[in-house]
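Across the two complexes that follow, chain A remains constant while its partner is chain B and subsequently chain C.
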Partner chain A sequence: MRSELVIRARRLPWGAYALGAIVIAYLLWSLAPVAIAFLFSFNRGFSRSVWQGFSLQWWTGPNSVFHDSMYYDAIKHSFLLAAFAVIITVPLGVSLSVFLSRWRGRTSRPASLLATLPLVVPELVLSLAMFFLVTKLLHFISLGTPAQVLGQVTFILPLVIVITRGRLASIPIGFEEAAMDLGASPLAAFRLVLVPLLAPAILASAIVAFAVSIDDFVITQYMASTASTTSVPMLIYNATRGSATPALNATAIVMAMTTIVVTGTGYLLYRALSRREQITAVAGDQFPTVPALGEGVR
Partner chain B sequence: MAGGQIDIEHLTKTFDDVLAVDDISLEMTSGEFFSMLGPSGCGKTTTLRMIAGFERPSSGRIALDGVDMQHTPPHKRQVNTVFQSYMIFPHLNVYENIAFGLRRQRCSKEETRRRVNETLELVQLGKLAARKPSQLSGGQQQRVALARALVLSPAVLLLDEPLGALDAKLRRQLQIELKTLQQTVGITFVYVTHDQEEALTMSDRIAVMNNGRVEQVATPREVYEEPATEFVADFMGVSNLIDAEAEAKDGDGCRLRVGDFTLRAHGGDCEARGPVKCLVRPERVRLEAYDAAGENRLPGMVERLVYLGSAIQVILRLATGDKLQALAQNDGGTLEYTQGTAVQAYLPPDALRVLRSAGAATTQEQPELTRPATDEASGRINLQPLVSETATDGAANDRP
Partner chain C sequence: MYPRRYLLALGLPGLLWVGLFVTVGLYALIAIAVGGTDPILLTPIPAWNPLHWSTTDLRAVGAALRPFHGTDWVVFQRTCIYIALSLAGCILIGYPVAYYAAVRARRTKGLILALLVTPLLVSYMLRMLAWVGLLSPGGWVNFVLMRVGLMSHQLNWLQGRPVTVVLGLIYGWIPYFIIPLYASLARFDQRYLEASRDLGANTFQTFLHITLPLSKQGILAGTVIVALPMFGDYFTNGLLSGSSSTAMAGTLINTYAQSQTAQSFAAAVAVWLMVFLGILLLPYLRSSARATLEVAR
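This part shows the complex of A and B:
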């Protein structure tokens, strides 16, 4: 305790202050645009660059984010795509990674390499290839929501696999063996032991899948069909070239806030899940050895 | 509850090109405490995992109560395992861990509760049912692992070095408890360990294994006092193994030539002739004054003394050049020998065992023969064997 205090009180070298200054400058630099965008969503006029006084019209008025269907539908569509991405990639990715790391077959190595390949292929290349595939070969998949979901799943899945496999590597196979030893079928061992132990990774995967899907532009744009399949990033990209109103700023802020709330909640949950393990691991040493069996017998 | 007979016939297991288990045949009878003892890599754990069903034998057969287990997956075998690192499910509390197996068997709620509570009492964890595994000490976790397996009333309980992670004191205590428990529940225990003391104190029979083979299967007393091979003799604790030449029959035993000296030996393979190993336990070596006369005495000089607590280890350099360990009980008096004292080592004929020197000196090179440091605290005689004396003994001993 004491030594810790002494270390903390020790004067830091000037380099540490410089580093701290750089960090703060970076934070301000990266947050300033968000703050400005937020501010201009309350502009009285139509301008997104000239301040004309305070108003709530872009939040509550007839042309506001919640009343103009252009903005409203884009938000809905973005969340629809994100929901699909999470619901499909997480179970699929978790099952695949369990299969890849617990199955020691001859082809397991090449298979795991293939599974992570979309991670390194540039998204634009993947998008072009998928556009070609969907329009020329796989006619049963129509452009629009189905193709957008397919595209997002394709490149989010490797992320889920990477996250889950990292966690899997730290779970000894002995837990599954113990479950089977106690009479659980391989499937029951997976469901009752492995899935609970993987919970933090599953949650982290869901957060990442959600955030990446919401943020995605390239593949979503390529796979889109009509205006009804416009996501928020697409809307923002297209609108900035035309005459956008501060309602666009409000839309962006709504997206940012929702994403922050969702991922933040997820992160807190993740912390709670993994904290529980940490605390208990430490507590294990704190508990004194119990009176042994023999003593009770006497 | 009756049953629990395991028959292993010509069991072999290879991993890629490595031969882990080499054609072993064993029989574990119902209600027996059977230990598989050997250094790491000797195939004992692999054999256990094959009985549990986690490894598939390359060839050979394992039968439980006469039924071949080849096509029975682990979750359908009437055996349960206590794992080396316990593998208690961290997301379930003590009660749920123990109830896990019963729930898989679709036991009724009342019966599950009754049996879990009974087992909790049996291993004396009654008050800790609601605890999470991470809130338990090592010894408590070990009991949960034991309870989780025992609650299912298996025909056979497999234990893979269950005390390996515990400190020496707790381990000794749990050895006695485990043995008592086994006698109480009356099921077959198959116990894997590398600790000869554990095997000796608990087992009905011990299979000493080395390099995937079984060297000897016998009762603890036989394994310790009548080791069949040089390896067993060495592994069962510190022994003196002296190179000798078996010359001729001599009454019940035979005559051995060691350097310029002749010894009479009554134990072991007295029919052997030619180069043999002569085994004598340190506690059977008697130190006498240098002018003592009579047969079976070898002159030598005290090279060092090691204080062990309950005994004093005396390392002699014999006139033949061999090293010999003797053990003098610490009875409170002072030892009249110091470093450099010339003595006679009396080796009683019935303490000398003749072993055919089969695999030459390979067994002596096994690094696993060095006992874990925790054993030293026990004051028992499992120090390092002669061949692996380290600089640390020297330092302890060189004090004036």
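This part shows the complex of A and C:
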């Protein structure tokens, strides 16, 4: 009896430890290389693979990430594209999602499928398709920044739609109908009821649009024109196999840090928004006490 | 209910955007694949009118991709093998990680989740850049393997080695596999596990008969999410190998696309790839379309 208990007590932790070890090993494997790349941005020499002592020259020196135009131009261009991507994709995607979830008619099914079609097309195929579209048909859109924005927005739009529709699925149309029954105009119902309820999804969409745009390589490269439209991922791709200095590592780290800070801030905001909602929900649960009070007055 | 014109005003810009840039874009791809060639510049001319379609390039590329005999068959075969191996790696490594994070982790859950998401925020290219540094001649991987005694001399890991490419694909895409799998594992009711244990199943049996079947949808979703971009991935290959001996379907398309005169071949390979993926994904597309429509309803 006692020995059986001992065996049981031992058996479970062993499996749990093995599982825990796999998780730790995975996390190390997935993040340690990045930490090492960060370390090499402080290398004294020109190598990105052999440690030659500590220095700050790739962060502050004349050939550093902030002084060599090749690097900081790419950083600026990446941020420019990300700003455009967020500003265009979020309103476009959120309003399209509202349409898709609120529209009733024969066209609603094909419209839903059409909106998420890009999700099942490999990015390379989509990029090639848009490259031909821009170069062979829409001649007024030139390769370079305009085409890059166009490509990124097209690529990111379905992601915004997936995020927003997930949220919309949990907001019954009844809320807006109630507002309209109580005399709100459709516009007021949209602005005062739906938009506040969608706020977390709008924020999440903006964060994802930003992160995906900063990370995007294929469509940005296919839509690029001259060296001035090189984004950071393109720069890394073009320079990694060459003799680029550790300033390249520093550039990549600057982008990664920015994305982490922006996303982290966005996530904290998101949590604050959701928490406010929970409080409202709790207050909403007490709603029946309000007519009870009214009854008391009567 | 909103008046129809309000809803249309909300939906039309987005629908026009997708309709024009995605649908017409994909049509442009087909038009190039079946189009002609400029007699002087040798650049492709799209055939917008289906009456003018010529299947010359499409057939030429189709012949090159013909199973076992075509010149590009080996590339296609290699693509499928690399992707199959990478998917197997993603499942073998990713499943225990997602399972632990979703089902077992208690106090450390938040931290683990944050660390699982971090690779998605650190860009793909930075993560590849990191490995190029580690794998270069004189890099830390060679150093460690020689110190441990597994190798007697420096190896150039970055010159056409399938091992490097497959491991690179796993490393690059596995975070995108783990997240949807985590989401599906976190969703299911933990009481199933308790019930299974109460009914006498041991941990392994519970996993085999309860957890695994319930996470099938998550594995499928993760697989599709990483497999699709892998079929168009040329950059992992380009960074970690750069050799034609490890070229994949994406490499083929990208190489043709870079050459002004071969762009119609790029389009033709892309069309064949979409046909192949369409057949491969048909079961998944049907189930996900059904799910999309249920959300719509």
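Note that the second predicted complex is superposed on the first by the 264 of 298 C-alpha atoms of A that agree within 3 Å, B and C clash if a C-alpha of one lies under 4 Å from a C-alpha of the other, contacts with A are read in each partner's own complex, and residues count from 1 in each chain.
The rule is simple: a residue touches a chain if its C-beta (ideal position, glycine included) is under 8 Å from a C-beta of that chain, and two chains touch if they have at least 3 such contacts.
Just so it is clear, the structure is predicted and the values come from calculations on it, not from any experiment.
Q: On the A-aligned overlay, A:Gly20 touches which partner chain: chain B = first, chain C = second, or both, or neither?
A: second
Q: Please work out whether A:Pro196 is in contact with chain B alone, chain C alone, both, or neither, and reply first, second, both or neither.
A: first
Q: Using the touch definition from the top, say if A:Glu123 reaches chain B (first), chain C (second), both or neither.
A: A:Glu123 contacts chain C only, not chain B.
Q: Could you let me know whether more residues of chain A are touched by chain B or by chain C?
A: C
Q: First (chain B), second (chain C), both or neither: which does A:Ala188 touch?
A: first
Q: Which partner does A:Gly93 reach: the first (chain B), the second (chain C), both, or neither?
A: Only chain C; A:Gly93 stays clear of chain B.
Q: Figure out whether A:Phe175 sits in contact with chain B (first) or chain C (second), or with both, or with neither.
A: First partner only.
Q: Taking the stated contact definition, name every residue in chain A that is touched by chain B in one complex and by chain C in the other, in rising order.
A: On chain A, the overlap between the chain B and chain C contacts is residues 177, 180, 186, 189.
Q: Which residues, counting only chain A, touch chain B once they are in their complex?
A: Listed in rising order, the residues of chain A that touch chain B are 172, 174-175, 177-186, 188-189, 192-193, 196-197, 199, 277, 279-281, 283-284, 287-290, 292-294, 296.
Q: Residue numbers of chain A touching chain C in their complex, please.
A: Within the complex, chain A contacts chain C at residues 11-12, 15-16, 19-20, 22-23, 26-27, 29-31, 33-34, 36-37, 40, 47-50, 92-93, 95-96, 98-103, 108-109, 111-118, 120-126, 128-133, 136-137, 150, 153-154, 157, 165-166, 169, 173, 176-177, 180, 186-187, 189-190, 211, 214-215, 217-218, 222, 232-233, 236-237, 240-241, 248-249, 252-253, 255-256, 259-260, 263.
Q: Which residues, counting only chain B, touch chain A once they are in their complex?
A: The touching residues are 52, 54, 73-76, 79-81, 83, 85, 87-91, 100-101, 104-105, 123-124, 128, 132-140, 143, 148-149, 152, 170, 173-174, 176-177, 181.
Q: Which chain C residues qualify as touching chain A in the complex?
A: Counting only chain C, the residues touching chain A are 1-3, 6-8, 10-15, 17-19, 21-26, 28-29, 31-32, 46, 93, 96-97, 99-101, 104, 112, 115-116, 118-134, 136, 138-140, 158, 171, 174-175, 203, 228-229, 231-235, 238-239, 242, 250, 253-254, 257, 263, 266-267, 270, 273-274, 277, 281, 285, 289, 292-293, 295-296.
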